[in-house]
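Okay, so here's the structure we're looking at.
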Amino acid sequence: MSTVVPPPDPEADPRVKARFDDIRATRKSDFINNMWLWLAFDVDLLERTWAEVKAVMATPSTLDPLVKEMLYIAVSVTNGCGYCIHSHTAAAKAKGMTEAQHADLLRVISLAARTNQLATALQVPVDPTFDAAGEN
Amino acid sequence: MSTVVPPPDPEADPRVKARFDDIRATRKSDFINNMWLWLAFDVDLLERTWAEVKAVMATPSTLDPLVKEMLYIAVSVTNGCGYCIHSHTAAAKAKGMTEAQHADLLRVISLAARTNQLATALQVPVDPTFDAAGEN
Amino acid sequence: MSTVVPPPDPEADPRVKARFDDIRATRKSDFINNMWLWLAFDVDLLERTWAEVKAVMATPSTLDPLVKEMLYIAVSVTNGCGYCIHSHTAAAKAKGMTEAQHADLLRVISLAARTNQLATALQVPVDPTFDAAGEN
Amino acid sequence: MSTVVPPPDPEADPRVKARFDDIRATRKSDFINNMWLWLAFDVDLLERTWAEVKAVMATPSTLDPLVKEMLYIAVSVTNGCGYCIHSHTAAAKAKGMTEAQHADLLRVISLAARTNQLATALQVPVDPTFDAAGEN
Amino acid sequence: MSTVVPPPDPEADPRVKARFDDIRATRKSDFINNMWLWLAFDVDLLERTWAEVKAVMATPSTLDPLVKEMLYIAVSVTNGCGYCIHSHTAAAKAKGMTEAQHADLLRVISLAARTNQLATALQVPVDPTFDAAGEN
Amino acid sequence: MSTVVPPPDPEADPRVKARFDDIRATRKSDFINNMWLWLAFDVDLLERTWAEVKAVMATPSTLDPLVKEMLYIAVSVTNGCGYCIHSHTAAAKAKGMTEAQHADLLRVISLAARTNQLATALQVPVDPTFDAAGEN
């Protein structure tokens, strides 16, 4: 059950087709997952979102592609986005995440959530030394 | 302003002193940040929290220590924990995070938050292929 | 699957019946959605919740009824409440939200989530000029 | 206290200057708020963020500019982003939000948070009629 | 720094005065905390909010007043509301919360946040036996 | 659908068997709910999580066991963790939570979410008297 209906034949629209072709070429796969089918209900939204995802996630940068997938999972779990957890866990596995690394990821993000609660509940004051302006 | 008062002389309690000594030895630094001073209001809470932080963050595992700090930041930002953002950004920098990596981290976690909203707003159904039970 | 069982014949209770009648009259529709059926497990909770929803959402005020539905969606998406996203998206469409407005809404709330992460991650200090007390 | 140090003379970098000039021209104001000064620590991040903010918030669309600011506030409050709440409340006032509308906005977003908790706590099943695919 | 300015002499408005008098009488204290002063910028919002707080928090019910304060803290910490954490921790202490209970509360809410992350990250399916409809 | 596959015969691993035996003994029940079956994909994660849950939730402390379950629900609802809401609501009922107490719990946590939004939206400054350091 969803809040919009994806277009029945999305690639009939040449702008949608161009993005789907680019998704397939970038990922070297014929599979288009539901996120893109649903976003195709509004071509502009599809274009902007894919442009950003491609630039950040599928373009070499200072962080390893697998690390970026794990960061994506960390945010998605904290926000409780079931779709995103599923799609990015699958992506992380496709990029080589082992079961041991998956468990490690879970240890870190669940510990972070725990100490977030403690620091927030205590309203611990920030140590002045943590201020970036104080670095040299 | 905080919700508990840290003990004025925390290391007068030998259990607190033992943990603080271990924090200093583990981190090879004399600095005890406020989180531990405040947690010392309850020795059990201090002990459990440090034991977990040491086991997860200061023990070699399948993930790089810097990656673990960045995951910690990702969760802390999503939860809006100011103290944790400050302390783990400082820790990540101490472990070598460059300014370019910091910006990369921000690109990933802000993109994740954005697409989390889209997938959640559309209530996109999870693709059956993402089910772990379907892997082989 | 839910955590309480709605009463099998809720309108046998005259207090429930009175609220359901008011819901139907206010909305000019015979349909009572699940939220109200489930809340009927506790009449007081049903009464308070409906009284507030009616006062805020179904009473003319300085904001347009459709704008109020879109604000409701914005909060519900950010909180990840699937039920609320579905019910208020349906309500917004019933009040005239076009597909283009729906896409616009998604652009704004997903951008907001993204810049929320950036401002929080950077811990940007609030500009003094934003203080309401400084206005004149 | 923040996690990065904004560049001391950001407009010495012509790419930063170009964006700041565009911000000033778009807003018809000389004021550059801290968000942009801090984002200037990484020019790419500044460029992408401003491009998106300009396209979504400062370009005519199907939603009224003031409505978009109120949606931004709704998300920012729910995420607890203090900076964003301040900057977008100021922006909404600059676009004409009255005190009565501000109070109305608060009534709606606080009610939404309340019923989000109820629907989530009860795990109310979504009514089949809310499925977008069932519309006609 | 805040987003509205509380009225300089709030009790000049008889409706505000009536609520403040009721707050003082209900709490048996002359102290009016900032939340109410700020809400007085809109009398209707002040009236509704106080009516609800009084009915839920200051009226005998099936839960102990101290338990209700601790539940309030649990939600406020999870939402990251600094003001609410401070005011309700103070209220819990005034109602007798000991330091040991405070630490216990922190243990429970930080553990809950941790296992929330685990269950969400794993997308653990709900056991059929948890369905309320299956009880008997 | 989940992101890991629980081991087909988890108790073939003696470390898993030991924890499951302890879960059964602690709870005086043969039932092992899905959370533990799924966590068994990584024995270390299972051990740490159960050790903590047992220490906090199944060990006498200054808070009543039912109160601890209700606090767990409060956090889980605010975080939107469906699995946790189901399992801890079932646990609270097993520990004697009446329908009236359940409704009371919902009244408190939904009110808290509402006033969290108000205090955050207004950015109400914390009253100096709430500072723990000022107590005596």
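Worth pointing out:
Note that the chains take the letters A, B, C, D, E and F in the order they are written out, and that residue 1 is the start of every chain.
As a convention for this text, a residue touches a chain if its C-beta (ideal position, glycine included) is under 8 Å from a C-beta of that chain, and two chains touch if they have at least 3 such contacts.
Computed from a predicted model, the values in this text were never measured in an experiment.
Counted as hops between touching chains, the shortest connection from chain B to chain E is 1. Residues touching across the chain A and chain F pair largely diverge in numbering: under half of the numbers involved belong to both copies. If you compare C-F with A-E, the chain pair joined by more contacting C-beta pairs is A-E.
We define each chain's centre as the mean of its Cα atoms; on that basis chain B and chain C are separated by 33 Å.
Mean C-alpha position of chain B lies 27 Å from that of chain D. Averaged Cα coordinates give chain E a centre that lies 19 Å from the centre of chain F. Multi-chain contact residues of chain B, defined as those touching 2 or more other chains: 1-4, 41, 45, 48, 52, 75, 77-82, 85-86, 89, 100, 105-107, 109, 111, 113-118, 120-123, 126, 130-132, 135. Against chain D, in their complex, chain F makes its touches with residues 73, 77-78, 80, 82, 85-86, 89, 105-106, 109-111, 113-118, 120-123. Residues of chain E that touch chain B in their complex: 80, 85-86, 89, 99-100, 102-103, 106-107, 117. Chain B meets chain F in the complex at residues 1-5, 48, 52, 55, 126, 128, 130-133, 135. Per the touch definition, chain D reaches chain B in the complex via residues 1, 3-4, 41-42, 44-45, 48, 75, 79-81. Of all residues in chain C, only 1-4, 31, 33-35, 38-39, 41, 45, 49, 52-53, 56-57, 61-63, 67-68, 70-72, 74-79, 81-84, 86-90, 93, 98, 100-101, 104-105, 107-109, 111-116, 118-127, 129-132, 135 touch chain D in the complex they form.
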